[in-house]
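Heads up, there are several structures right after this.
Below, chain A partners chain B and then partners chain C, in two separate complexes.
Then we have the complex of A and B:
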């Protein structure tokens, strides 16, 4: 873990070498999601409600997924950009070092400019929370943190799975964007507005629902029954990460026997 | 007899390569049906290397040099055969094994591009978990022999290729490996840097007892550094032996260049072939198995007024080309 921070500090130093570029990227990342958010705003302006969800409730959902996404793009960028590592042959370099490949790939890239997007989502979060009549409790705060943290795990898991694909083919990666970008867009809204199969897919296969929709019900006091279950839902994100890492190991083994 | 450090037995490796043919139509077809060809990169490679040796690994492009290095450094798993290095099977105990080796890929950097060299070194220290005291002695030593004092605090991107290569090699030796793999360490370097790198490889081999395996296309590297060469072509090991042995086998030719007072016509000497002729200079190729050098010179001096004579042996390069030809690569 300390090595991970060492990697982080050296890459932060590198990125700060190009200050203008860093600020521009951060600035850009701050404004890109605004257009999406504006779309959300105007839609509610027009329709008022979405299946019983108010604007600020959806905005909260939007902000949580946005924060999780920007955090994972910042810290798991190594997996997201893994195809360049394989195509350039630099993965060989990682294999001759006595550390786990997953850690080294994580440490190979950080995208600090995503802080811009994080701040934007943070502002939306605060604004939404400020306008929602939530009675706060300690458990709810924990749930909120879990939602964001475990969201990062899910995105990272998807990045890992996508990266693993690179061991077989460098083409076809766009397909995987359906899961990352598509998943992000989907999970920004409460899942019950979709068709049943979409809900099932994003709850049991890729558990975005477990970090956004389900615990959100708890925070917004829409739950009847076992509250603890809803509260601990985000931990499904951790469960998603583990098999992803396993698949990664298989991929690495495949790489070493084909050298592609 | 020194201990055998590296032992390869019947290593084979083949790759499946997708066939691509020219043309848009074929490219579209390839989207659906892929034809594959099996390329045998390594075929039944066996050799062993003892502790403290410097071995030159040569062969034309695509012969399988890098594949062998990758197998030996644990990056690739061969299809067949066994490889034992310091008691490890490289691809089985990867993390335990790679602590003992250093690898330099001449064409790729292991240093972080935008930060000073020393930062990269410190990160490597953490990656290899080198104890602080040992890191310090190693770094001081390497800084001295590679003359890195002025480079350590410069960002890598501002270094020249030669300076960078010195830092790369230092970086791969910080953890004190027993074996150093160098994949084309002198590629693209100017003469001065080449000599510095060679000198350094010799030094660490002598003083630290590091076993060095290097691939190169530069025969001067080979001549300066090593007596033993392994030659590979089309995935098979073609030659394993010393350069002097190679010379004995192929190096029976000498090139004699003579300068003389102006002479009217070309002079032919039996047993030689005349490579060039001008009124003041001629070059002959002599096969020493058929005619003695002394004889050739005395014959020449009978016919022309000699001013200067130079005798050259064939450079290693040509021996290698001859070896390639013999095996029809």
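Then we have the complex of A and C:
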């Protein structure tokens, strides 16, 4: 773990060397979700509400997914850019080191400019929470933190899975964008506005629903019945990450160097 | 002129090689189209008043966006040119017996078109087969279809002229990421790629109408569904031509300015 932080501080220093570029990029990263959020805002301005969801409720959903996504892009970017590591044959070097491969790949790259995205989501989160009449309790705070934390686990899990595919395909696959970018776009809205098959897929196979929609119902006091169950839903993100890591191990065993 | 057409042809054939990636892209774009339409359907299902664009037209709008994504998207970039400028290899380009502006222009057009050719037909075919309300609709008249194709081609010419300006700006900034990211985010928004222009509030629509971005995407797509009637569309064609001329002029002028002061650092 201390190795991980070592990686992190070195990469942070190296990225801060190009200061102007770094800040511009961070600034730009702020505006990508900002423009999407503006779109969402104007849709609500025109239509008022969305199947019983008010603007601030959806904004909360948007912010949570946005934070989870930016955090995981910041910290597990190494897996996202993994195809270059495999195609260049650089993965061989990682294999001979006496540390776990997952940790090394994770530490191979950090995108600190994603802080821009994180700040945008953070502002939306505060704004939404400020405008929602929620009676806070300790359990709800825990749930909120769990939602963001476990959202990070899910995105990281997807990054790992797509990186694992590279062991067989060498190239990165654009198809994986359905799960990362597509999952992000989709999970920004409450899941119940979609068709049944989308909801089922993104709840039981890739548990986005478990970190956004279901616990959100609990925070907004929309649930009837067992509240603890809704509260602990985000933990499904952990359940998703574990098999992903397992698949990664299998993938590493199958690895054949490109030799270049 | 011949050299430029052969660059166009070669790049086009080169672009056609990436078939597997195009297939994956097709699936991604279909998925995105579905998600967006589902969101709009959810919004529309409860609206009481008369919306500014009918759901049927909006669905066509979304599918056309996905179908022609590589033609109309501003973020679609050629990193080769950026590297040429920042690494100093631009010197080689200057040695070529042809002018840089049309040379790059041809290259960029070919990339977009080859990319679109590979992707558009599967998505287009499938989008006509979906159940309602996801099904793509046909244009109301043959005239609308012809006008759509015309405006799309003009839109392509305008957007490449805009992206040329982004490349040229790198001569001064030397870092492609920051400035071009900002321009593409703003451009994308005002082109109606994130929120369709008819759904924007009025004051924002006014801004969008003044900027060149919406003429590349929003305008052809609305001509397709007949939301912009034929007579009005003909005026629009004129505006597109005007923008093209202006952007071309500015691009050529600033490129020649940039090349005059270009300093190639070693090598």
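Quick note on the criterion: the second predicted complex is superposed on the first by the 252 of 260 C-alpha atoms of A that agree within 3 Å, B and C clash if a C-alpha of one lies under 4 Å from a C-alpha of the other, contacts with A are read in each partner's own complex, and residues count from 1 in each chain.
Rule of thumb we're sticking to: a residue touches a chain if its C-beta (ideal position, glycine included) is under 8 Å from a C-beta of that chain, and two chains touch if they have at least 3 such contacts.
Because the structure is predicted, anything quoted here is derived from the model rather than measured.
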- Item | Residue contacts with chain A in the superposition, chain B compared against chain C | C
- Message: Contacts for A:21 in the overlay, against chain B (first) and chain C (second): which applies, first, second, both or neither?
- Response: second
- Message: Under the stated touch criterion, which partner chain does A:243 make contact with: chain B (first), chain C (second), both, or neither?
- Response: neither
- Does chain B (first) or chain C (second) touch A:96, or do both, or does neither? first
- Query: After lining up the shared chain so the two structures overlap, which partner does A:13 touch, if you call chain B first and chain C second: first, second, both or neither?
  - Reply: first
- Item | Residues of chain A contacting chain B in one complex and chain C in the other | 18
- Note on the structure: Residue set of chain C touching chain A in the complex reads 21, 24-25, 27-28, 31-32, 34-36, 38-39, 42-47, 51, 175, 177-179, 181-182, 185-186, 188-189, 194-195, 199-201, 204
- For chain A, which residues are in contact with chain C within the complex? 18, 20-21, 23-25, 27-29, 31-32, 34-36, 38-39, 42-43, 45-47, 49-51, 171, 173-175, 177-178, 181-182, 185-186, 189, 193-195, 198
- Query: Which part of chain A faces chain B closely enough to touch in the complex?
  - Reply: 2-3, 6-7, 10-11, 13-15, 17-18, 88-90, 92-93, 95-100, 104, 253, 256-260
- Message: Going by the contact rule set out above, which residues of chain B touch chain A in the complex?
- Response: 13, 15-16, 67, 70, 73-77, 91, 94-96, 98-99, 101, 103, 105, 108, 110, 112-115, 119-120, 122-123, 126-129, 155
